[in-house]
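Presented sequentially are two complexes of subunit A, the first with subunit B as partner and the second with subunit C.
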Partner chain A sequence: MVLTELSMLELAAKLTSGEVSSLEATRACLTRIAQVDGQVKAFLRLDEKGALAAAEASDARRKAGNPASALDGVPIGLKDIFLTEGGETTCGSRILQGFVPPYDATVVRLLREAGLPIVGKLNMDEFAMGSSTEGSAFGPTHNPWDLERTPGGSSGGSAAAVAACEVFGALGTDTGGSIRQPAALTNTVGLKPTYGRVSRYGVIAYASSLDQVGPMARTVADTAALLQLLARHDPLDSTSAKLEAPDYREDLEGGVRGLRLGVPREYFTGGMDPEVEQAVREALKAYEHMGATLVDVSLPHTKYALATYYLLATAEASSNLARYDGIRFGLRAKDAKGLRELYGLTRERGFGPEVKRRIMLGTYALSAGYYDAYYLRAQKVRTLIRQDFASAFEQVDALVSPTSPVPAFKLGEKVADPLSMYLMDVFTLPCNLAGLPGLSLPCGFTKSNLPIGLQILGKPFDEARLLRIARAFEREHGFVRRFPTL
Partner chain B sequence: MPVNDFQPVIGLEVHAQLLTKSKLFCGCSTEFGAEPNQNTCPVCLAMPGVLPVFNQRVAEFAVRTGLALGCTIKKTSVWSRKNYFYPDLPKGYQITQYDQPICEWGTLTIDTPEGEKTIRIRRIHMEEDAGKNVHDAAVGESLVDLNRAGVPLLEIVSEPDLRSADEAVEYLKALRDVLVYLGVNDGNMDEGSFRCDVNVSVMRKGETQYGQRCELKNINSFRFIKQAAEYEIARHVEVLESGGKIDQETRLWDTQRNETRSMRSKEDAHDYRYFPEPDLPPLHVPDALIDEVAQGLPELPRTKFKRFMSQYGIPAYDAKLLCAERPLAEFFEACTQHYKDYKKLSNWFQGELARLLNESGGTVSISTLKFTPTQFGELLSAVEKGTLSNNAAKDVFAEMFREGKSPEAIIAEKGLAQVSDAGAVEAVVDEVLAKNAGEAEKYRAGKKQIFGFFVGQVMKAMKGKGNPALVNELLKKKLGD
Partner chain C sequence: MALTLEQVRHVASLARLSLSPDEERRYATQLSAVLDAVAQLQELDVSGVEPTSHATLASSLLREDVTLPSLPPEKGLANAPSKVGTRFAVPKIIE
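What follows is the complex of A and B.
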């Protein structure tokens, strides 16, 4: 087997046995990146020196029999939304080009402490606004399964890098599906934990009440192992849960016998790609076969989720992005005369069209005279959506649905039509509105060899069960170990 | 201008900087006067990715203030974002409280020429301060200092219950006294840690509908507040009397020209796009905290002032002076435990103590005094008992103030003890009368005006330490009066 195709835990085992060193694994990643990233364009920046130094340190720890964590020495990539001390962080935006943060995000610190070499920063839709990674100011990322197609977004760089075996795993963020949708489109596993499960400190904010950091990997067990390193209370994030994390790998092989899996009616109402629908239906059958009971459930307010999401997310974004004003960091319009023009020109030049569109939408939604009709109304609908899920979870242990209504679409196909792009998140974003955990795992391929993803949604802080359900399917079906030819 | 036909209506919004050691949402120091941008971190600089963490101390201060002003403390209050662009506002929004503040509906009583008056306080909320822009015209540059960004403030909003510029000033003074007493604010208007916006309108007497109001922004002295409010009242009356209409606007007080100037009109008023802060959960104030703060609440200046008059029988003037500062009042009370002539004690506070404090040029304050209330009491008792003359007592007191020694030690050291031993004094009197037998004869013959001469001679012989009363008494006796 090719070294870079190992799972994180498989590599960790070889690191423990001494069969492979972290330095070798890290070099293998760098070589693979040199070979394929010219086509995939997952990376915005590499940190060869930093990664090799971390690998060397890890090897020394392993040698001394003193690994820092289960994944000590396993090379990883980071979405460029995570601040890395001393390393440029742009969030896919021209407005932050050249910005070198003075501190590490909490999750970055945790990964460093756990000994994972960070190979580089991965492409994304600008400020995580988008579903195709075409919104990056630095050009799109290509789907390794079909280079003419998008890997999804906004964590498209993370998904593509993991799928193309450029790194063993990656971190993404998910505000409306930005981990799960690209995972589905690239045959990888992506988990959006419960809101508050993982610290947001040092993660560039898009929509604060919806954003959540999560792991992306090629296997469910890797996803669990990565989550294990991240899930903990952070006093620097006031929305971080004061809750001890369970051992996510302990019960991973427990199966689904006796579990009740809800099939939300509203997620199967047409408009879905027939091949996606078929693959998901087959996955449901497989679960039944494995001993789970399928239960028809209703989430009646699903149809309002998209509108609610785009009001609340843009409202928060319009405020969160106000700090990019050319005064303290990042881009500054040099030729501006006066303060107003400095703001105007800096933001005009620094932000891309989708970011501007969302700032405008959010500003409008919060404006005097419109607040009650839009923002406040959306908050109320959000409560109804939460209640939908709460009542569904009185009947079932988890919900199962497609992740994305369609497989990977062609680059450029939806760029001119923002609304059709927004529809890519229709199955994923209700989970963010409710703050619930959601996972996407591979469940098949279309005839033209495009990955299809299955989404599993759970109760708050029920990540362990989601992983167990996902693992049961993964064990039964071998899709995950298929790799794109590049 | 017939201002008398009109009734001014004034409401105040006070911003008080809280005396916490660290900022509202990060651990940076709040100390005034540091090098520009020294007291900053990624959080208060609003670097990408940072998140606010609430400084719980601030809730305690807000509750203390709320309880002192008789407010209802809200068990749950909510943080909001107030969005606007300004270079010294690093996040592009201010974290503040909007529709659900921590305290509501309190009162503050003030004195007016017509007697006591109670002003309603609508709300008290917590918020963060902005930084400061420094415009360097010489270089043509504007610089930003964010040391103050994120410093915690209380905004205390009154109802428009004030009816004159004088009342507004009275209210502000009373409020400042309370905040300083509570230890939540230093009352320093020069450094901007106590500042206010004044809302002024006028209406014709007898009317019930308030007139259109103008807001006077950030005025930083009692004198300017009075001037600005009076100017604004007169301006409104003039406009209305000449058939004009007052536009709602924000105005500035121009200290050079002594006039208010328009800053922005309602048309270009900001739309702050308030919404609940998603990075901070609602703030819950537990009953235990409210109880604890209530337990530790000090006696407030007004209550103390009234008690001083009744308990110590001192005049209002004295009580006001003694209660002006909490440490002074507390020191006075401590001294009353050791000396019971309260009016005389008060005189010493206003006379010698005030003089020495003043002469120290601020290097000594009540809280750094070197002598104790017990020693102060001993000193005054010595005067009372006649073991020390009043003049000598002043010297001893000055020495106590400087060196912190006990009065006993100083008296002994300098040999200032008054001689009240009748035998000793009598011996000297006899000696003086014997030496000046001729003069004594003249006195007895009726030349009574030379009595002072004998006193002087005795005192001289006793190096000033003779008890004057005793000297007088014995002289008169011996001279046959």
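What follows is the complex of A and C.
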């Protein structure tokens, strides 16, 4: 048994039986990180002391027969977008280097209360803007399945760390696919919950009407168990839904017999890698074989989603990122003369090229004379995209599609061409525009051993059913228990 | 739609970004390409369509009006690049 290859729930069972301690599991993660992270570069920084102290406290609770949660003692990693009290948080940006938050994000507090040792902070595209983690100011993360390739993004560090067995699970955020696309590229499971399902308090904002926090893990059951800890109303987040979370693990093995799964025809037209398409088609057949009915559905406005997303996300980003002005926290250009120059130089030096590009696009879309043509029009098209999903869900229980049109691409391949990078999110971002839950799970490998992901989209707050559909495939096919060699 | 360098400078100024001449040229090209790509939204008829500003209709915007502790000044100022007493220090803004 390789300890770090256990699933979160397998480890939890061993913690309960006393076969393994949280201290041992946490030390095993730290050893694994020391062995492989020089190649993978998933971590921006470790909190060895904090993690070991949390593990020790967890062991004491377990010994007293009083675990704080089902995952008490299971080590986890956090995308560096979550505020951690007393621990540097940079969001992958130079402008926040040295920033030490005065409080924990709500999800961080929930994980601490549930007893999970937080091993460290994981790499990401700067301010979550990107699909390859190459946008990080601190250098790219490498895909554990092929170190010359990207793990996807923006939660690429989270996905790579989970895939490389450096941690048992991680949290990411998903604005246009930033949990699901890296999950697909690394043979892991990633869930973007319904907008409002998980608190965003203390999560650094990119595009506030789209951002959502979600779990990343190596199995569907782990993903469900992690979501269970996070899904609750938070009075500190005004967009948090006032809804009780169901028991996500209760019906997990319920199968797909009798379910109607929609296959959106617009997600299968051109540009897709043939091996990805083949694997997804085979997964669809497998679902049919397991008793689901496949239904051909149409989401006619799909081709407008990318343009809509990039106008709305960048407009919101240009507004959210106005707070990085060099006054209250983060970098300040010390040599600036006057306030205006202080803003300009601080932001010029602190932000990387993709962040500046998106701020520029968003500022343009919101500027006088262009607001109606770009921003307002995109908001209206967003309505049409939502309506597409609403009518599809009158016919089906969930939608199934590829997660990413291509497997992991080479580092450096798309950096110089923003438009081709933006296309990486073409299947994932409509779900964010509509606020729906979406999940990616492993569904196969290319001939060159690169993971392929399957995406399942659901009705609002229907995460339990998505997990059940995902679990049915995982149980039959088990691609998830393959590990990269490092 | 091709953005002129002058337009790029105007947008950069609105966004409070001091771009280098090289960046201005690069963003003029790249933003023009992105704007060309998003121009496809113009082909849709959106008359009579209501805009969606949020994915879910937020119904819980207001919290109970109760006093809660807020961040103490020393914590709020802990990350300040420059401070004077309990205040953030900024360069002189009035000539």
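We adopt the following convention: the second predicted complex is superposed on the first by the 486 of 486 C-alpha atoms of A that agree within 3 Å, B and C clash if a C-alpha of one lies under 4 Å from a C-alpha of the other, contacts with A are read in each partner's own complex, and residues count from 1 in each chain.
Quick note on the criterion: a contact is a pair of C-beta atoms (placed from the backbone, for glycine too) under 8 Å apart; a residue touches a chain by one contact, two chains touch by 3 or more.
Remember, it's a predicted structure, so these values are computed and weren't measured experimentally.
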Touched partner set for A:329, first subunit B, second subunit C, both or neither: both
Which superposed partner A:319 touches (first subunit B, second subunit C, both, neither): first
First, second, both or neither for A:103, with subunit B first and subunit C second: both
Contacts of A:165 with subunit B and subunit C, given as first, second, both or neither: neither
First (subunit B), second (subunit C), both or neither touched by A:74: neither
Partner chain in contact with A:209 - subunit B first, subunit C second, else both or neither: both
Touching partner for A:441 - first (subunit B), second (subunit C), both, neither: neither
Dominant toucher of subunit A (residue count), subunit B or subunit C: C
Which superposed partner A:201 touches (first subunit B, second subunit C, both, neither): first
Overlap of subunit C and subunit B interfaces on subunit A (superposed complexes): 99, 102-103, 209, 235, 238-239, 318, 322, 325, 327-329, 339, 343, 363, 367
In the complex, subunit C residues that touch subunit A: 3, 7-8, 11-12, 14-20, 23, 27, 30-31, 33-35, 37-38, 40-42, 44, 46, 49-56, 58-63, 71, 75-76, 78-82, 88, 90-93
Residue ranges of subunit A touching subunit B (in the complex, touch as defined): 82-83, 89, 91, 96, 99, 101-103, 105, 200-205, 207-209, 235-239, 315-316, 318-319, 321-323, 325, 327-329, 339, 343, 363, 366-368, 371, 375
Residues of subunit A touching subunit C in the complex: 98-100, 102-103, 194-196, 209-210, 233, 235, 238-242, 301, 303-304, 306-308, 310-311, 318, 322, 325-332, 336-345, 347-348, 351, 353, 356-357, 359-361, 363-364, 367, 373-374, 376-384, 386, 418-419, 422, 432-436, 460
Subunit B - residues contacting subunit A, complex: 42, 45-54, 81, 83, 85, 87, 90-93, 142, 144, 271, 273-275, 278-281
